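Two complexes come next, and they have one chain in common, subunit A, joined by subunit B in the first and subunit C in the second.
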Partner chain A sequence: MEALTLLAWMFDGLLGLGLLWLAWRALTCPDLFRAIVLFIAFGLLMALAWVRLDAPDVALAEAAIGAGLTGALLMAALAKLHPTETNDNLSVQAEISRPKGRLLQWLPVVALLLVSAGLGYVVLSLPPYVTGLSAEVAANLKTSGVDNPVTAVLLNFRGYDTLLEMVVLLLALLGVWSLGGTELHRDTAPGIVLDTLARVLVPLLILVAAYLLWVGGHAPGGAFQAGAVLGAAGVLLLLAGWRPRVGLMAWPLRLMLVAGPGAFVIIAALLYMIEGQLLEFPTAQAGILILVLETAATVSIGLTLAALFLGGRPRNDKGLT
Partner chain B sequence: MMLVDVLCAVLLIAGAVFFLAGTLGLLRFPDVYTRLHALTKADNVGLGLMMAGLALQAGSWAVVGKLLLIWLLVLLAGASVAHLVASGALKRGIRLWKR
Partner chain C sequence: MSASFLYALVGIGLFSLSLYGLIVHAHLLRKILALNVMGSSIFLVLVALAKRTNEAPPDAVPHAMVITGIVVAVSATALALTLMLKLTAETGRAELPDDQRESH
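Right, the complex of A and B next:
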C-alpha cells in the first residue's frame, strides 16, 4: 500500500506541475494556434485533476466545456482573425498600446499580489478540518427530489446559481451576435470523412446527452454536461457543413435559446404565486420539476454553445434573420 | 495472484509500451505524416490492450460493454482525425519526408 500512496503522490505532483507549466506556456506562447492547443491540453489535465479531487461532475464539465468546446470556440475565433492580425502584428499592436508609464505597468502586478496575499491569508486562516455543508446537503437530500447531491445543490438548494449561469451564457451569445452577422451558406464541401464521422457521431452524441441528463438525478451528470455534449454535436454538424434551414433560424432558434432561463423564470414565478417562495420546490413535485428544468436547460445550453461556434448572428442573403 | 491478474497486468503494460512508443514517435519523427502514424498506433492498439486489460477486471458485462464502446469511439475519432490532419497537411503543400 505504501508504494501505491507514493505513486499517487508522484502522479498528483506531476499533474500539478504539468498544469502550471502548460498554463505558463499557453500564456507566453507567441503563436496563437500553439497557445490554443496548449490551452486544450491544460483543460484535459485540469479535468484529470478534478477526477483526482473526487469531483467527477466538475471533471465532466471541465473536459466537455473547458477543454473541448472552449478549444473549438478559440479555434473558430482564430480562423476568423484576419491573417494580418495574427502573431506578429498583434504583438506589435500590444507594444504600441502599452501604457507609457512604468507605474501603470506595475499597478496590475501590485493588485494581483494583493489579491494573492488575501486569498492565501483566507486559505491559511481556514480551520484544518471543516465539515462544510455536505452533511446538511445529505440530511436534506430526501426533500430535493433527486439522489445526486450535486444536482440537488445546483437545481434545488441553489437554483439561483444555475439560473444566473444560464443567463450569463445567453448574454455571451447576445454579445457575439451584437458584433455582426454570419453567412449561413457553406463555402467548402466537407469531404467524405468528416461527413461520415458526423453522421455516425451526432446521433450517438444526442443519445449520450439524453443519458447524461437522465443520469444526473442520481449520479455524476446533469444539464451542463448534457448541454456541452449537445453543443459538441452542433459543432460537429457545423464543421461538416450542415446548416439549419433559414426558416428555423428566426424565432424557433431564439425560443429554444431562452427555453432554459425561461422555464426557470416561469417555474419560479408560478412557485412564488402558489407557495410564496421563489424556486422552492414542493418535495412531492421536486423530481419532475428538476427534470423539466434540466431538459430545457440542456437544450438551451447545447444550442447556445453551437450558436457561439457559428460566431455571429445567423444571416441569409436577404439580411439578418 | 490470480491468473486473471497476471493477464491483466501483462495487457496493461503492453498497452503502456504502445503509448510510450507512440509518444516517442510523436516527439522524434521528422514530419506530420510519420508522427500521425506513430500516434494512431498508440491510440488504436495501446488503448485496445488497456481496455482488454481493464475488461478482465470489470465486475459486470455492462462495464465491459462501456469499455468496448469507448475503444470503438476512439478508433473512429482517431482514424478520422488522422485522415483530416493528413489531408489538411497535403492541401497546404507539406511534402512527405524523404531521407
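Right, the complex of A and C next:
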C-alpha cells in the first residue's frame, strides 16, 4: 500500500511537471507550428490529469475538444495566415518580442511571481476537506432522471447554463459568419490515405458519438462529448475535401444548428405552461426529456464545431458554380 | 497536503506562465494560445479543488461547469482566430498596432 501511494505521488508529480514544461515550451517555442503541436500534447496530458482527479467526463471533453478541435483550429489558422507556404513548410518563425530595458524585462516576471505566491497562499489556506455541493447532488439524483451526476447537473439542475452555452456557441458561429469567414482553399486533392481514413473513421465516429450520448445517462459521457466527437468527424470530412451539397446548406443546416437551443427553449416553454416552472422536469418524464434535449444538443454542437472549423458562411446557390 | 492541492498548485503555475506569455508576445496567435492554456489552468484549479471530498466521489457541479467552459473556450477561440485572420488580411501583420505607431 505504501509503495502504491508513493508511486501515485511520483506519477502526479511527474504529470504536474510535464504539464508545466509543455506549457512553457508551447508558450515560448519560436516556431509557431511546433508551439501548436506542443499545445496539443499539453491538452492530452491535461486529459490524463482529469482522469487522475476522478473527472472522466471532463477528460473525454478535453481529449476531444481541448486537444483535438482547438489544435485543428489553430493549425488551420496558421495555414491560412501563411497561404503561400506549402504544408511541409509551415514552420513559421515568429519573433518573440521582448521589451527594451532590464527593468521592463523583469517587471512582469516579478509581478507574476507575486501573483503566483498570492494565489498559492490562497489555495493552501483552503480547508482540506469540504463536501461542496456533492451531498445536494446525491440527494436529488433520484429525481433527475439520470444516474450520472455530471449529466444531472448539466441537463437538469443547471439546465440554464447549458441552454445559454448553446446560445454562446451559436453566437460564436454567427460572429465567424458575419466576419465573412476565411475558407481554406486547397487546390490539391487529399491523398488516398486521408480519403480512405475518412471513409472508415467517420461512420465509426458517428457510432461513438451515439454511444457517448446514450451512455451519458449513467456513466461518463453525454451531449458535449458526443457533440465533440461528431464535430471531429465533420472536421475529418472537411479535411478530406468533402463539402456538403448546396441544397443542404440553406435551411437544413441552419435548422440543425438551432436544434439544440431550439429544443431547450420549446421544452422550457412547454414546462412553463404545464408545470409553471422553466426547465423544471417532472421526475417521471425527466429521463426521456433529457435524452431528447441531449440528442438535439449533440447534433447542434457537432455541426457548430465543424462549421466553426470550416470558417466561411456556406454560400447559397448564387455563389456556387 | 493531498493530490488535489498539488494539482491546484500546478494550475496556478500554469496560470502564471500563460499570463506571462499573454503579456510578452505580440503575435496574436501566441496570445490566443496563451489564453487557451490559461483557460485550462483555471479548469485545473476548479476540478482539483472539487476533489477535496475525502474518499467520496468528487463534487459534480464544478465538473459540469468545466465541461461547459471547455466548449465555450473552443468557440471563443474559433471567433478570435477569425478576427486575427481578418486583421492580418487588413494590415498584413498578425499583431495589434502600437498606440505610438498609430498617431501620425
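Throughout what follows, the second predicted complex is superposed on the first by the 266 of 321 C-alpha atoms of A that agree within 3 Å, B and C clash if a C-alpha of one lies under 4 Å from a C-alpha of the other, contacts with A are read in each partner's own complex, and residues count from 1 in each chain.
Rule of thumb we're sticking to: a residue touches a chain if its C-beta (ideal position, glycine included) is under 8 Å from a C-beta of that chain, and two chains touch if they have at least 3 such contacts.
In this text, all values refer to a predicted model and were calculated from it rather than measured experimentally.
In the model built by aligning both structures on subunit A, subunit B fits alongside subunit C without clashing.
In the superposed model, A:L179 lies in contact with subunit C only, and not with subunit B. Of the two partners, subunit B and subunit C, it is C that touches more residues of subunit A. Legend: residue contacts after superposition of the two complexes on their common chain; A:L197 is shown touching subunit B, with no touch to subunit C.
Once chain A of one complex is fitted onto chain A of the other, the partner contacts of A:D54 are limited to subunit C, with no touch recorded for subunit B. When the two complexes are overlaid on their common chain A, residue A:L7 makes contact with neither subunit B nor subunit C.
Look at A:I266: by the touch rule set out above, it reaches neither subunit B nor subunit C. Figure legend note: subunit B and subunit C, brought together by superposition on chain A, show a least Cα distance of 23 Å. Shared interface residues of subunit A, touching subunit B in one complex and subunit C in the other, do not exist.
The residues of subunit B lying in touch with subunit A in their complex are 73, 76-77, 80, 83-84, 87. Every residue of subunit A that touches subunit B in the complex is listed here, in rising order: 191, 193-194, 196-197, 200-201, 204. Interface residues of subunit C facing subunit A in the complex, by the touch rule stated above, are 1-10, 12-21, 23-27, 29-30, 32-34, 36-37, 40-41, 43-45, 47-54, 56-68, 70-79, 81-86, 88-89, 94. Subunit A meets subunit C in the complex at residues 8-9, 12-13, 16, 19-20, 23-24, 26-28, 32, 35-36, 39, 42-43, 46, 49-50, 52-55, 57-58, 61-62, 65-66, 69-70, 73-74, 76-78, 80-81, 94-99, 108-109, 112-113, 115-116, 119-120, 123-124, 126-134, 137, 149-150, 152-154, 157-158, 161-162, 165, 168-169, 172-173, 175-176, 179-182, 222, 224-225, 227-228, 301, 304-305, 308-309, 311.
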